[in-house]
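Each in C-alpha cells, the structures are laid out below.
Consider the two complexes below, in which chain A is the common component and chain B and chain C are the respective partners.
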Partner chain A sequence: MTVRAGVFAFTSCEGCSLITLEVEDRLLEILGRVEFVNFREAIDDKSDDYDIAFIDGAITREHEVGELMKIRERAAILVAMGACAVQGGLYFLKEYHEPGETLAYVYGDKAGQFDTMPVRPVSQYVKVDHSLYGCPIDKREFVEVVTALLSGRRPNIPDYPVCNECRMSENICVFERGLACMGPVTRAGCGAICPSRHVGCFGCRGMVDKPALDQHRAVLTERGLTEEEITARYRMFNGHWGSAHEKP
Partner chain B sequence: MGLMAIDKRDLSAFIDGLIPQWEVVAPVPVEFKYAFRKVGSFQDVALDYTNTMLPPKKFLLPQRDELFSCNPEGGPSLTPRFDETPRVLFGVHSCDVHGIWLLDDILAEGCSDPHYLCRRSNTLIIGLDCKGPCHDNAFCKDMGTLKPAGGFDLFLTDLGERYAVQVGTGAGTALAERGGFYMADFEVREEFFAAWQKKQSGFPNRIGYDTAALPNILAESYDDIIWEALEMRCFDCGACTTVCPTCYCFDVLDENDIGTDRSIRYRRWDSCQLQDFAAVAGGANFRGKRSDRLRHRLLRKGKYFKEKFGRFACVGCGRCGRSCLLHIDVRDVFNQLKG
Partner chain C sequence: MKNLDIKVEHVTRVEGHGNIVVKVRDGRVEDARLDIVESPRFFEVMLQGRSWQEASWITSRICGICAVTHSTASLKATEDAFGIVPSAQTVLLRKLLLDGEYIQSHVLHVYFLVAPDLLGVGSVVPLAGTHIEVVRMALRLKKLGNDLCALVGGRHVHPVAMKVNGFTSLPEPAGLASARERLVAARADLDATVELFKTLRIPAFTRETEYLSLKGVDEYPLYDGDMMSSDGYVFKPRGYLESIKETVVPPSSAKHVAARRDSYMVGALARFNNNHGLLHKRAKAVADAVGLSAPCHNPFMINVAQLVETVHCVEHAAETIDMLLGSGMSVEVSDVRPIAGRGVGVVEAPRGTLYHDYTYGADGMITGANCIIPTGQNLANIEADMQGILPGLLGGTEADVAQTLKMLVRAYDPCISCATHSIEVVFDRG
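And then the complex of A and B:
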C-alpha cells in the first residue's frame, strides 16, 4: 500500500521540507511507500489529492489561514513539521515588537505592500495529528513518524527533557562549562545535539508537556543569568508557549 | 578466595595481553572527567581516576539494547539478539563493583533477564581500589561499599610497588595464571591489611547515623513533608537514575523498516523519575505526582532492596547528587529524614 503525501510550506525557510529529502539511506524505502504529490521543493506536481499533509512553517498572513484550512479538509492526517509550525518558531520574536515595527525595519518604505498578522503555530487554526519538533526537524524522527503512520502505530516521540539523553550520552553538563541551557525543560529526541557539541540547548524542540519552569528559572538564576537574559532564552523558540500559557 | 599479588611493572603486560582476546573496557579521561571506554592499550587507562560520569553498567545493560529482530518473510520468525562479546571491565572501583553485584542478583532473580545474564557471563571484572574519597558528596563508607564483597573476578589494591590481588572467582584464578601474579606472602598480607585500615580511616562518614536504621527511617517517612519540598528542585529529567549504578529500568520500543516490515524490538534506559513512567493504557498514571516519584526512588535505594536482597540499592557513589541541577542528593535526604 502506498500513501499520497504533500509537503506544504508557509512562513518558514523551508529547511524542514528539505530535511525530508535528506534521509539518504532510507529515502528509497520511503518513496516505495509514500508518493509525494505536492511538494514545491521537490516536484512540479500540485495535486490536491493526498492522505498525509506535512506542514512546514508558521502562520503569519491572512491568506495562509485559508490555504491551511483547505489542506486540513483534504488530508486524513496532518503533521506539523518543525519549530515554526509547532511553536511559531523564531518568527514569534516579532510579537515582542510594536505592530508594524519589524515590517518597517525589514521593508522600509515598501512596508505597506506586505500584510502580516500575529505569528501563530499551525495548531492555532487546525487540528494537528502529529508533530515533528526542532529547528530543523530530526531526520530520524521524520522516518519514525512516517514508519509509525504506515504501520498503524503511535510514533515514539519523547516527552522528557533533553537532560535525559544528554546524561545518557555521557556528556559533561554544559552548566558545568559555565553555559546556560534550555535542556531541562526542552523535549528530548534530538540526541542532545547541541550540548554534545558544548553548546547550551536553545530549546528549538519546544517544551515537554509539563516543564519544570520554576526549577529551570532557579538553575539559571543560580548560574548568574539576569531576568532579562532568562526571558530572552525563553522567547527565542518558546515565545508562543508563553503567550498561550501564563508563564513567559 | 585467596590473596595474590602482582608487581606494578607487570600490570601493563597483563592488561595488554588481554586485549587480543577480550574487549577491554577501562576508565579514561574525558576533559576534566572520566568515562569507561573500550581501550586499545594499557597506556590509555586512567588508574588514578575519580568516579566516572556513567557507571560501568552501560556495558552490561546498554542504553540501547536490541532484544530480537522479526522477519515477516516466509512466515514470521523471531531472532533473539545476544551480545556474547568477551569483555573485561578493568579498573572498577568498589562502589561500582557493588552496583554490578546487586544487578547480578536482581536480574537473575525470578523472571531472569537473559540479555543481561549473557553479557554478564561473558564479562570479567577486575576491580581497582580507590585511595581516598573521590568527591565530597561520596558516602560509600556509610553504605558499606568501601571494599568489595562479591561480583568481581580480581580486585587490585595499590601497595606502592605492587598490587595485592583478591581473587573472587575461578575465572579470576584462571586470569591470574596468565603470568605475573604470585601468591601473597606474609609481607603482602600485612601491607594489604594496613592499606585497608588506612582506607577506612581516610573516608569520612557522611550520614549522621548507622545506615542499618535506614529502612525503618524511610518506612516512617512515607508521609513526610520532605517529598513535596523536594518537588521544587526536580525537573523529572531522570539524570539521577541514568547515572545510578543500580538503576536498571527500561522501556521497550519497536522499530520497523517500512520497505520490508522487518522490525527490531529494543529497550532503552527508562527512569522512574520521568512523568510518564507509570502511565498506563487508558491514561491513568499511578505515580503522576513528582513527590511520589521522588519518594519511590529514595525508598528503593534505602529500603525495598535492603529488605529483599539484604543489600542497599545505593552504593554511595554520589553520582546522582552531582548530576542533579538543583542538588537533590540522596545523602542529604537520608540525613534530613533523621533530623
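And then the complex of A and C:
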C-alpha cells in the first residue's frame, strides 16, 4: 500500500521538514511507500489530494490558521511535527515581552506596518492525530510513525521521562555534574542525546503526561537554582504548556 | 512580448516562503521582486533576558539547515564580548563541524534542489526514477556530512555539544578515524559528480556586482578573519555596522542590506571570487575541470562553486581529523566569566556571511541582539539580477521566463526562514 503525504511548514526553521530527508538509509524505501505530493521545500507538486499531512511549525499569523484548517479538512491523518507544532516551541519566548516593544525593537518607526499574533501550537486550532516530539524531531521516531501509519497501528511513542533512557545509556546523572536538567519531567524518545553529551535537558520534547513538577522544582532548588533560573529553564520549550497550566 | 505579469507564489525547492513578482510594460521592466512572505519570529527579542549559556541554543533554531553555523557565530559573539580566546582544539573541532555542515547543505542544494532543473525533471522524486545512481550518490554524500556533524556536535540539526569556550564532550578518536576513511572514499562520488556537471548546461548570464566574504590568510576562510570586498576594501567584523547597512524598504518592507553599491553578493561564488587561491588543490582542479574561474559574474555558477567548495570541505575535513588525531585531544577546562559589553561573531555560512552581535549585562544576560543573515544580504542582488536577466528573456514564453527566474532564485540557495528570523515583508498585492 502507498499513501499520499504532504509536508507543510508554518512558522518554523524547517529543520523538522529537513529531518524527513535525513533518513538517508531509509529514504528510497520510504519514497517507495509514501508519495510526497506537496512539500514546497523539496518538490514542485502542490496537490490538495493527500492522506497524511505533516505539520512543521507553530501558528503565529492569521492566514496560517485558515491554511491549517484547509489542510485538516483534506487529510485523513494529521501529524504535528516538532516542538513548534506540538507545544509552540521556542518561539513562545517572545510572549514574555510586550507585543508593542517586540515590534518596535525589530522595525523601529515602521512597527505600525506589521502584525503578529500570540504563538500557538497546532492543536489550538485543529485536531491532531499524532505528534512527533522534539526540537528537532528524532529521525528514528519519524520512521516509526510512518511505518506505523502504513501498517494501520498506533505509533510507539514513549510516555516516560528522559531519565529512563539516560539510565539505560549508563550516563552519570548531569545533576552530579552540577547542571540543571529537565529530564525528569520530559518525554523520552530522544535517546537522552543531551545528557549523553553532558548537557542538561532543555525539555524540547515537552512534558510527560503526568510530570512530577513539584518534586522536580524541589530537586532543582536543592541543587542551588534560583526561582528565576528554574522558570527560565521551564520557559525555554514549554512556555505555552506552562501558561496553559498556569505553572510555572 | 511587450507586456508581462508573472507571479510565482511560494517558489518551490527553496527553504521558506517567497514569491516572485514581475511586471513588464511596453517591453520595459517596471517591477522584478522576490517577496518574502515568511512569518516573522523575533529572535532578537527572544534573546533578551536570556543567559550566555542559552544564546547559541536559541539562535541555532533560526535555521534547520545551517544550525551549526548559527551556533558558531553565536558562540564567537559571546566569546568576543567576554574577551575569551578558545583553544586550538576547540577551533579545529568547530572547523570540522563547519566542513560537515557545508557538505550536507551544498549536497542537499546541488543535488536535491537544483539538479532536477538541470536534468529536466521536477524534483528529486522523479530523479530517483530517471537517475537513481545520482540520487544514491547524493544520499551517501549528504549522510557523510550529517554523520560528521553528529560525531562532533551530537547531531546536525541543532547541535548539542557546542558551547562557549569549548565542547561539552569530545568525539571518540575511533569515530574520527572511520569518518576520515569515508571522506577519502567520497572522492569517487565527487569525481562522478564532476563528470555529471561537465554535461550540464548552466544558463549563460553575467552581471558584475560586489562580492563580500571573509578574507583568508593561510586557509580558505569559513570560520574567521576580516571581511573583504571584491571592490578592494577590508573591514573588521566588529565594525560591520559602519560598512554594511540594513534598511527597511516600504512597501515591500524587505530589510535589504547594502555596502558601498546598491547591492552585493555573499555565498559560495563570492567566497570563490575572493579567496580561490586558498582552495585545496583538488578543489582547484575541479574548478578548472568544470570551467569556473575567478572572477566569475554568472550567478548560476554559484552551484558550481558549491560543488568546488564541497570538494574543498571533504579534503579539509580529512586534514583537520589528521591534526586532531596527531596532536591527541584532551578534556579542557572551560573557564567563562561574563563581563558587560558587546561582542560580534562572524562566520561564513554555506549561503554567505553571517553576523551575530550581542550586548551583555554584567550578569551574563543578553540586553540587545542583532543578527544579519546571508539571504537578507543577497535579496537586493537577486532582484538586481532579475532586472538584469529579464530583457533578454522577453522573446520567450511566459512559462519559460518564470522557469528561468525560479532557477535564478534557486541558484542563490535562499534560506528564507533565516532571512525572516525577525523581518516581515508585506506582500503588495495591488
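Points worth noting:
Rule of thumb we're sticking to: the second predicted complex is superposed on the first by the 247 of 248 C-alpha atoms of A that agree within 3 Å, B and C clash if a C-alpha of one lies under 4 Å from a C-alpha of the other, contacts with A are read in each partner's own complex, and residues count from 1 in each chain.
The rule is simple: contacts are C-beta pairs under 8 Å (C-beta built on N, C-alpha and C of every residue); 3 or more make two chains touch, one makes a residue touch a chain.
Please read these numbers as outputs of a predicted model, since none were measured by experiment.
The superposed arrangement places chain B and chain C next to each other on chain A without a clash. In the superposition on chain A, A:Asp214 contacts chain B only, with no contact to chain C. Residue contacts after overlaying the shared chain place A:Asp159 against chain B, while chain C stays out of touching range. Considering which of chain B and chain C touches more of chain A, the answer is C.
When the two complexes are overlaid on their common chain A, residue A:Glu170 makes contact with chain B while staying clear of chain C.
Across the overlaid pair of complexes, the angle with its corner at the CA centre of chain A and arms to chain B and chain C is 110°, in steps of 10. In the superposition on chain A, A:His97 makes contact with chain C only, while chain B stays out of contact range. Least inter-chain distance for chain B and chain C in the combined superposition, rounded to the nearest angstrom, is 11, based on C-alpha atoms. Note: residues 28 of chain A belong to the chain B contact set and to the chain C contact set alike, using the contact criterion stated above. Only residues 9-19, 21-22, 24-25, 27-28, 31, 35-36, 40-46, 60-61, 64, 89-91, 93-94, 96-97, 101-102, 105-108, 110, 113-114, 116, 135-136, 193-194, 196-199, 202, 232, 236 of chain A touch chain C when the two sit together in their complex. By the touch criterion given at the top, residues 10, 12-17, 39-42, 44-46, 48-51, 54, 57-58, 61-65, 67, 108, 112-113, 122-125, 128, 135-136, 139-140, 142-143, 146, 154-158, 160-161, 163, 168-169, 248, 250, 253, 417-418, 422-424, 426 of chain C touch chain A in their complex. In the complex of the two chains, the chain A residues touching chain B come out as 28-30, 32-33, 144, 146-147, 150-151, 153, 156, 159-161, 163-164, 167-168, 170, 172-173, 175, 184-185, 208-210, 212, 214-216, 218-219. Interface of chain B with chain A (complex): residues 30-33, 35, 53-54, 63, 232-239, 242-243, 253-259, 261, 269, 271, 274-276, 323, 325-326.
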